[in-house]
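Labels for the chains are A, B and C, by order of writing; each one numbers its residues from 1.
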Amino acid sequence: MEFLIETILSGLMAGVMYSLVALGFVLIFKASGIFNFAQGVMCLFAALTFAGIMEKTGLPWPIAFVMTIGVMVFVAWAVERFVLRHLVNQEPIILFMVTIGLAYVLEGVGDILWGSDVKVLDIGLPSGASDYMLDNFNIYVEKLEVFAALIAAVLVGFLAIFFQKTRIGRALRAVADDHQAALSVGISLQTIWVIVWSVAGFVALVAGTLWGAKSGVQFSLSLIALKALPVLILGGFTSIPGAIVGGLIIGVGEKLAEIYVGPIVGGAIENWFAYMLALAFLLVRPQGLFGERIIERV
Amino acid sequence: MSAFVDPARMAGHSGMEKGEVLLRVDNVSLAFGGVKAITNISFDIVKGEVRAIIGPNGAGKTSMLNVINGFYHPQEGTITWRGKVRRKMKPYEAASNGIARTFQNVALFKGMTTLDNIMTGRGLKMKSNFIWQCLHWGPALKEEIEHRRKVEEIIDFLEIQAIRKTPVGRLPYGLQKRVELARALAMEPELLLLDEPMAGMNLEEKEDMSRFILDVNQQFGTTIALIEHDMGVVMDLSDRVVVLDYGRKIADGPPDEVQASQDVIDAYLGVPHEH
Amino acid sequence: MLYREAGQYKTSYQRDQAIFPIAQDRWVVWTFVAVAFLVVPFFVNDYWTNAVLLPLLIYGLAALGLNILVGYCGQISLGTGGFMAVGAYASYKLMTSFPEMNMILVVLLSGGITAAVGSLFGLPSLRIKGFYLAVATLAAQFFLVWLFNKVGWFYNYSMTGQITAPDREMFGFLLTGPSALPWVKYLFCLTILAVFALIAKNLVRGRLGRNWMAIRDMDIAAELIGVRPLLTKLSAFAVSSFYIGMAGSLLFSVYLGAVEVGEVFGINVSFLVLFMVIIGGLGSIVGSFMGAAFLVLLPIFLKNFMVDGFGMMPVTAKHVEILLMGLLIIFFLIVEPHGLARLWQITKEKLRMWPFPY
C-alpha cells in the first residue's frame, strides 16, 4: 500500500515538472497562437546558462539567476526582432516549423557557449527524503519534489492573476484572438510578444533549474521536456489549469504504467507511454480536457 | 456558348422532369448547444428553378445550405432528395449525389492553379485506379485529357481562359468567385447551392455573375438555390423566394408576392424595395 | 537567351500537361539522367559513394516521401525516423527469413509493410489536425524505436541488439555486405529513386495529387466537392510511408550494413528529413532532392571548412552545424517558405526573359 502511494506521489511530482514546461507552451500559445516547439530546449538553455554563469564566474546563485533572467529576456527580444516580426499573419504550420529551427539555434548556442558536458546545478535547494513523511507515514518523499510542487503552485497563481486582472494580460488575450484586430485597437504586438516570450523564458528557467537540480543539466532534459506535448494534448492548448491537471495525469500514469505494465512488455515504456495515452485520448476528445469544442463554419 | 454538357444527360441525373420536387425540407431544426440556428423550417426546391433564400444576417441561411449538403446534421426534421428521404449523409456523399456548392468566403485551394482547382471538381467523375495513376498512362492519361477538355469548356463558358495557369491565391476577389463557380460546375451538379455569389462585387461584376447564373440554369437545366443580399439581383434572378428571420421561415413564394408581404417588410426590407 | 519557349506550340492537352513542357528543360533533364546512369558509375569510389552519393539518394527518397505527406497533403509528421526503422527492420527480417528473395522485392515489400504501419498511425488524422497530429506522429516515433529495441524477434535475438545485413547479390554483383562494390550500390539506389520519383510526379499531377492538395489547402471545401477526407489522408500516409520505408530499407541494407535503432532512426532523423523538405521546398518533387543535397553536403562542407581549414574541434564544429541548421530553417521560412525549389523556379522565369525583361 505504501509502495502504491509512493509511486503515485512520485508520479505527481514528476507531473508537476511536466506541468511547468507545459505552462510555458500554453503562455506562448495563448498570446501568439504559436505552438512553441522550442520550449523544451528553452528549459535546457536557461538551465545551462544558469549553471554556466555560476561555473565560469563563481558568482552566488541569486545574482547568476537574475543574470539568466536577463539572458532569457534578451532571447525573447531577439526572437521577436529577428523571427516573429517577419512572420506576422503566417500560417500556424510555418510558425511551428520556425520554432523547430529555433530549438536547434538555442541548442547550438547553448552548446557552443557552455559546452555539452553534464553540469551539476547546486544552489542549495532542499534535497534528500522528507523526514516528516518518513517518520509519520512511512512514505519516502523527496524534499526537492515537494519544493518544486510549491514553486509550481506559486507560479500558476501568479500567472492566473497576471492574465485575468492586469491590463497587459487583457492585451495578451486580445492578441491571441486576432493579430490584426489587436493591432487596430492600438496594442503593440511587438511589446506583447517580447513580454510573453520573456515570461515563458522565466518559466523555462524555473523548470530547468528544478529539473537540473534533480538530475543534472544535460541534453536529455530537452527530450524529457518534449513530454509536455502530450500533457498539452490532455489539457488543451489554451488552458493553464489544463496544463497542470494534464501534467499530473501523465506523471502518475507513466509511473504506474512503468511499474505495473512495464515488466510485462519489457520495460522502459516511459519513453512512449505518455504519447500513446495522449493519442488514445485525442480520439475520444479532440479538444482536450478543458478546451472548448470548436464548431466548424464555412 | 459551347454545350459542354449534354443538357439531356444533365437533366438525366435522376431522370426527373422540370417542375418535379427535387429537394424537400420538412420541419428541420438545428441547434448548437443551446443556440437555435434553425427552427422548424419547411420548403421545397423544384427541378429547374432558381430558388433564393434571403433574410437578415444571422437568419440561418448559410446553416440551411450546410444542412442541405450534409455539413451539419439537423436534430429534427427530414430531408427528401429526389423523392427519397435522405438518411444522415456526409458532405462527400451529398457531392456524389449531385449537390455542388460555392461559399460565402471564397474557399478555393489557394496553392493550386485555376486549372487544377476546376479539375479537382471533376474528381468524382474520374475512375482510373491507383496503378494507372502511378504510371500516368493508359486509362489514367486518357481520362486526364478527356476531363481537361470538359474543364476547358467550362473555362471558355466563364471566360477565364487567361488565368488558367495562375495560382488562385494571386487572383482578385471577383475572379476567385468565378473560379469557385467553375469548380462547382465541373461537378455537373443537379442542384447548385450558391452562398452569396455576388458579395463584395462591383456592379459590373454582379451583372456578369448574374448572367452566368441564368445561363447555367437555362442552358444546362441546373437547379439553383442561392443566398443573396442584393434585393435587385434576387428579384430579377429567382423564380421563388423563401425568407428566413431568426431561424424561422416568414415567407415563401414568387418574388413579387414575397416583396409585398407585410411580415417580410417588417422583418427585413424595412421599406419596399425600389429598383 | 538559349532558354526560350518561343516557337514551341502545344497542340494537344497531352503536350500541355507534360512534366517538362519546355524543350530545353527536357534536354537538361535527359542529359542529367544520362550522366547519372552512364558516366558517374565509372568514376565512383568508396569515399564518394559512402559520404555523398548514397546518403543523397537515400535521404532524397525519404524527403520525397515526407514531402508527399507534408508538402502535398498538409499533414505534419515527426515520425519519419520511426517509419524508416520499420523499413529497415522489415528488410532485415525478409533478408534473413527468405535468403533467396530478390533485393528489389525486399525493398518494395519493406516499403509496403511501412505503408501499412504508416496508415495505422495516420488513422487519427481524420479527427485531429496540425499540431495535434504532430504529437500523434511523435507517439509513432518513440513507440517504434522502443519496439525494435525491446522485442528480440525483430533483431533475431542477436547479442548486441544490432541488425546486420547479410551478403546479397543483384545480377551476379555483390550489392550488400562489407565487400559490396560502390557502383553497384550506387546504381541500385539511383534506379529505385529515379523510378519512384517519376511515379511520385505522376501521382501528384493526377487525380490523387489534386485531392491531396485540396485537403491541404482547404479540407472542408474539399469534402464538400466530393473528396473523401479519410481515404485521401490515409492514401497520403500510405504512399509517403512507402517511400520512407524504402529509404529506411536502403539505408540499412545497402548503405550502413549494420544498424542500432536508437542511433540511426532517432527523432533527430525525423527532424533532419523534415528540414530537407522545408529547405528544398514544400510541395515540390525536385525540391526534395535539393533539400536532401543541401543538408547532406552542408556537414561535409562545414567539416572540411572548419575542422580542416581552421583547426576547430570536431565537437565544436558539430555544435556550429546544429546552430547553422536552425538558422537556415528560420531564414528559409521567413524569406522563402517554398524553399530552394521556388528560388530555382524564379531563376528560370527570369532566364526566360533574359536579357530583355521588358
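The definition used in the following text is that a residue touches a chain if its C-beta (ideal position, glycine included) is under 8 Å from a C-beta of that chain, and two chains touch if they have at least 3 such contacts.
Computed from a predicted model, the values in this text were never measured in an experiment.
Participant: Which one of the chains is farthest from chain C, going by Cα centres?
Facilitator: The chain lying farthest from chain C is B.
Participant: By C-alpha centroids, what is the most central chain here?
Facilitator: C
Participant: Comparing the two chain pairs, does B-C have more C-beta contacts than A-C, or is it the other way round?
Facilitator: Of the two interfaces, A-C and B-C, more C-beta pairs touch across A-C.
Participant: Return the distance between the CA-based centres of chain A and chain B, expressed in whole Å.
Facilitator: Spacing between the chain centres: roughly 48 Å.
Participant: Nearest whole angstrom, what separates the Cα centre of chain A from the Cα centre of chain C?
Facilitator: Averaging C-alpha atoms per chain gives centres 33 Å apart.
Participant: Whole-Å distance, chain B centre to chain C centre, using C-alpha means?
Facilitator: From the centre of chain B to the centre of chain C is 41 Å.
Participant: For chain A, what residues touch not just one other chain but two or more?
Facilitator: 296, 298, in rising order.
Participant: What are the residues of chain B that contact at least two other chains?
Facilitator: Within chain B, the residues that touch at least two other chains are 71, 103, 107.
Participant: Using the touch rule from the top of the page, what residues of chain C touch 2 or more other chains?
Facilitator: Those would be 220-221, 224.
Participant: Residue numbers of chain A touching chain C in their complex, please.
Facilitator: For chain A paired with chain C, touching residues are 35, 82-83, 86-87, 90, 92-94, 96-98, 100-109, 111-112, 116, 223, 226, 229-230, 232-233, 237, 265-269, 271-272, 275-276, 278-279, 282-283, 286, 296, 298.
Participant: If you look only at chain C, which of its residues touch chain A in the complex?
Facilitator: 74, 76, 124, 127-128, 130-132, 134-136, 138-139, 142-143, 145-146, 149-151, 220-221, 224, 267, 271, 274-275, 278, 315-316, 319-330, 333-334, 337
Participant: Inside the complex, what are the residues of chain B that reach chain C?
Facilitator: Result: residues 69, 71, 90-92, 94-96, 100-101, 103, 107-112, 116, 119-121, 123-124, 126, 128, 130, 133-136, 140-141, 144-145, 148-149, 152, 183-184, 187 of chain B touch chain C.
Participant: Once bound in the complex, which stretches of chain C touch chain B?
Facilitator: 12-14, 17, 199, 202-203, 205-208, 210-211, 213-214, 216-218, 220-229, 235, 283
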